[in-house]
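Each of the next two complexes has chain A plus one more chain, namely chain B in the first and chain C in the second.
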Partner chain A sequence: MSDAVAQKRPLALNAIIYGFIVLWVILAAVPFFWTVWGSFKVEADFFSRESWWNAIFGTSTTRQTGNAFTGAGYYGAWVLRDFWRAAGNTIIVTVCVTVISLTLGTLGGYALARSGRNYAFWILIAALVFRAMPHITLVSGYLLPFFQLNIWGVLPTSIIVLVAINQPFTLWMLHSFFLSIPKDLDESAMVDGCTRFQAFRLVIMPVMWPGVVTTGLFSFLLGYNDFAVTAMLLSAENQTMVPKISSFLGSIQETGNVMYAVAAVVSATVPLFILVLFFQRQIVSGLTAGAVKG
Partner chain B sequence: MAQIRLKNVSKRWNNFVGVDNFNLDIADQEFLVLLGPSGCGKTTTMRMIAGLEEITEGEIWIGDRLVNKLEPKDRDISMVFQSYGLYPNMTVYENIRFPLKVRKVPQEQHHERVMAASKMVELDDFLQRRPAALSGGQRQRVALARAIVREPNAFLMDEPLSNLDAKLRVSTRAQIKNLHHTLKRTTIYVTHDQIEAMTLADRVVVMSKGLVQQVGTPMEIYDRPANTFVASFIGSPAMNLIKGSIEGGVFTSEGIRIEGLTLAAKGPVTLGFRAEDASLAQASGQIEAPIYTVELLGDATMLSMRVAGELVSIKVNKDYRAEIGELARVAIPASACHLFDHSTGARIA
Partner chain C sequence: MPNKTFFAFILPSLIAMVLFIALPIVSVVVQSLYVAHERVMVQVENCQPFGGCSTELRVDAAATAELQREQPLGRFNGLGTYFNRAHLATDELGAILSSDRSFDQKVAQIFNLPFYKALIFTLVYCFVVTPLAMALGFAIALAVNALPKVTKGPIIFFSLLPMIITPLIGSLILYWMLSPNGILGATIQHIFNDPTLSLRASPVLTWTALLVYGVWTNGPFSFVVFYAGLQTVPADTLESAMIDGASRWERIRYVIIPHLAPLATFVALVQLMDNFRVFEPIVGFSAEANATSLSYLIYNDLSGDAQQFGSAGATSVITIIGVVILLMPVLIRTWREFKLKAV
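So, the complex of A and B:
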């Protein structure tokens, strides 16, 4: 059918349409593939001043290592500079942030969605205001008390701050998912013999999974990609991946450090690809509204 | 054994009165229908009995227990919702079984009871499907099966038929009536459809604006409506109501004169009569007016004409044919007339 439509269009329009798609793909995807390819070169190639073809053919890489590809950047980042530790910290932070946000978010979102009270609305508005604030506002306010309480620099502190930043969003998101589930479902469960909490757990949550997965993914990404909070609140040895990458870039006295950053960036991106591909079905169904029909 | 007793039950939201001072004793095994237009408080009343809505004032007793403070699950009732309220992630079998599961009924009884309930509503062939793969009527039957599987003391049904098409409504209605006969449980049924009320009920409660208008058997409500609201709500077409005045047993208004009515009433009144109680007169009738429309219903012909500013319907023989504008003479026996107070609408005679 789409072929038939395409044939009816004038050639010029088709050319523009496909040209635009190609351009968009290039803009979106090429920098990433460029980075992946370049991460296996030496700095002299990837940041070559002679010709950018060097980054593709690896002229300097071959000269320096005897092979067109080198894992030196990865070796340096993961082994010499302890990137594995940052990766571990990122896993701890993101998993904790996601789990805590979702737990509080589902309970709170459900309560707000089913509450008939006026203040439920104002709580959501307040949440929206806090969601709109730049993350850094919260961090600067936290810094001094955290120093004085002597809890600066450790993972739990930044987990709590990230949850605080993320919670308004999860609350909103899950609240609207819960609203899309008819109230009759809770009520018939309660008449059938459930307590309010059992109705939530046995009847509502099973139809909420698309919403939970979607919201969970966004929470995960917030924790995973955060720079403002983790850079300010974590000491050097507790850094997560993103501030760690930034620190590779910041100290360019040693050659190869920039390549550590490039290798680390690629290492940090791959899990995201896998994650999105793995959950794509749930995310799509979640994003196209909670299509829950009885 | 489950009489349900409502004592001075009221429901208010801030200043809005949902249900005002509702008093009723519902006998064990009775089929009670709450009837009224939308927003009359019938569903709110049922939800208060179910425990889904808090009671502002008054007491609700189920059996010998005061249930005001009890959770829905502790009231030993089951409910069928207008939108069915089926659990979309469970199969039909699991849906029906759910009440047994959460109430910790011994496992070994589950299968037998689910099968018995599904057999009763003829669902045996669909047990492994999910609700999404069922038609509206099948979903409603799942909801019924889920309500009866537990064998509670009372059933509450909130407009269970209103999402079904006309044909299915008739057959499901018959099924509900039959279920009530078989199971012999107190049933409270909410509807805005007076035909459902007439066909199903042992007693009907007609409500309007949060107030009970009349309680009675279907025939009482049809034959002796307590006020003009009930008169105009029950029956299809609604009762004809004509404003006029009465003096010495003679009702007169523009285009109508009826003799032989009660001598007790005097002054301005509203007169009511049903379309099927009137007939065409040969010589002179109580009404003489040009025909406004002729509607062929198949089993009867409906004439309407303008009397005292109101459109009056007359049900006549199915073979009757007339042109619009022709003069029709209508006979109305005085015995078929109802008189209502012209301002309060309450029944006089």
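So, the complex of A and C:
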């Protein structure tokens, strides 16, 4: 669909296309900007009974604090309600999940890509079925054994569980990236006297970095966005950000501090925003790589 | 690659999957066959200064705890949990269907059974959100493809946000906007001129909000995949279609859509799988009074003080069966392709 075609497009069609895209961008982006803006107001403005113009001009915020913007929500969430601890836990969990998933995944994905045998195929199919399991059904299988073994509530347990849940997807994705690297490369390295592992580490991995980065992004997202596993498997003091926010809701709505939750939500959105900003191309290529190889 | 090397490479990953995916499935099946112990009762004689003595039954907390400690699974119940009122509710369902009430009443009664309420919503969510999100994604892909190059990057950036966002956070953001004092909720009340209209009070509004959230968050994935697919549409075919006098719409209908069909099957499958486990939006929208899903039922059984492992296990097993049924077409197709390759 080159520019030559575009020039022949009738005006009405162009208007529809631009109108539709503008509408979509508004739908996609405005909820975020609205919430970010509103998080610097007081509750009487963000949830205004009179008019939502209050949320824009900060009428009540000015009346209560003397300024049109206030950081009270952030102070409440981060300092009074210990959100910093949850943020720290999230960093530990996501970093560990990403690193371990990639280590296991590159080894396994490489083996799957280079083995033409039946069992490799069956492992991939089993991974596909595992990938479809709703996480909460697996969680209901973990709880009782974890209580018995006394490993419930701590971060390492959740990390290992998230790594395992993430494996099927990681294997599929890395497997398809490894397939795109010609076999000759590692075979010639082995002819030159490398062992299989040396060929993998010294010859294949250096050209695999784009695939590893892309897969790593999705592992990161899985760890970061998870609610089912971390909400059920972590004790209150070890909670990561997402279950922490959900535990805010019950306690805060009673005491009238909804703005704490709003501030926490905005704080947890910022890293995702930055991630898309810097890794947009990798995310897009990752989504399509999965699609093409299916 | 020799067997030994293969397994050396894949072993860590395989162990993780067996321990934390395959075994929990077994554990879920076992759990679903057990129910919690009945509380141990003791007869206690209760004497009051003027009322005389009476015997009453009391829970023996120590003995109950002891029993619980010895047999943490509970007592064996067979398939009983599967058919009780909270799950398949065969007795209740039979009674409702054989009663002579009107169709509407029957539907309303079935809706009062927790399992069917969740199942119906889960299926509706799956089969409404998936096609709508794909249609939205396809429309955005076509439109973005027609734009000048400089605008594409920023538009893709904003389009990715609803997809990349944590599901719980995304649904909370929409929930706050839709609350009666939020910007959208107040506007909706104004449009329908009904100051009592709110998510809490209106099941219709709750369902609509959840479905809209689903389309909003699933649309971008279809968009990205279809947009990538559009770049691979052969220019020659498009050109020859134009020379043959195909209109814009005919080119989309007869060249682009057939070209994207395999991608569409893939997207549909992935999204059906993901939508079948719809869970976070129900927590985020506090929708449990008006809409629940299978995953939410499990979560509900597991959270709170009295964790019902048997009940959660039964719902999990039924959910897993549902997932396998959904996956059947893919599995059969992959199997056939594999057989073809082998021959």
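Details
The definition used in the following text is that the second predicted complex is superposed on the first by the 267 of 294 C-alpha atoms of A that agree within 3 Å, B and C clash if a C-alpha of one lies under 4 Å from a C-alpha of the other, contacts with A are read in each partner's own complex, and residues count from 1 in each chain.
Just so it is clear, a residue touches a chain if its C-beta (ideal position, glycine included) is under 8 Å from a C-beta of that chain, and two chains touch if they have at least 3 such contacts.
Everything numeric in this text was worked out from a predicted model, so none of it was measured.
Per the definitions stated earlier, placing chain B and chain C onto a shared chain A by superposition produces no clash, and the two fit side by side. Once chain A of one complex is fitted onto chain A of the other, the partner contacts of A:D184 are limited to chain B, with no touch recorded for chain C. More residues of chain A are touched by C (comparison of chain B with chain C). After overlaying the two complexes on the shared chain, residue contacts for A:L155 are found with neither chain B nor chain C.
Once chain A of one complex is fitted onto chain A of the other, the partner contacts of A:Q280 are limited to chain C, with no touch recorded for chain B. Of the two partner chains placed by superposition, A:V97 touches none, neither chain B nor chain C.
After superposing the two complexes on chain A, the angle subtended at the C-alpha centre of chain A by the centres of chain B and chain C comes to 100 degrees, rounded to the nearest 10.
Applying the stated contact rule after C-alpha superposition, one finds that A:M173 touches neither chain B nor chain C.
In the superposition on chain A, A:Q198 contacts chain B only, with no contact to chain C. Of all C-alpha pairs linking chain B and chain C after the chain A fit, the shortest spans 9 Å. Residues common to the contacts of chain A with chain B and with chain C across the two structures: 292, 294. Looking at the complex, you find that chain A touches chain C at residues 1-3, 6, 9, 13, 17-18, 20-21, 24-25, 27-29, 31-32, 34-35, 38, 46-49, 52, 55, 103-105, 107-108, 110-112, 114-115, 117, 120-121, 123, 125-145, 147-148, 160-161, 163-165, 167-168, 171, 196, 200, 221, 224-225, 227-228, 231-232, 242, 245-246, 249, 258, 261-262, 265, 268-269, 272-273, 275-277, 280, 283-284, 287-288, 290-292, 294. Of all the residues in chain A, the ones that touch chain B in their complex are 182, 184-185, 187-195, 198, 202-203, 206-207, 292-294. Listed in rising order, the residues of chain C touching chain A in the complex are 1, 3, 5-7, 9-10, 12-14, 16-17, 19-28, 31, 72-73, 139-140, 143-148, 153, 155-162, 164-169, 172-174, 176-177, 179, 181-183, 186-187, 216, 220-221, 224-225, 228-230, 233, 235, 238, 248, 263, 266-267, 270, 273, 276-277, 279-280, 283, 286, 294-295, 298-299, 301-303, 307, 309, 312-313, 316, 319-320, 323-324, 326-327, 330-331, 334, 338. On chain B, the positions that touch chain A within their shared complex are 50-52, 71-73, 77-79, 81-89, 98-99, 102-103, 131-132, 139, 143, 146, 150, 156.
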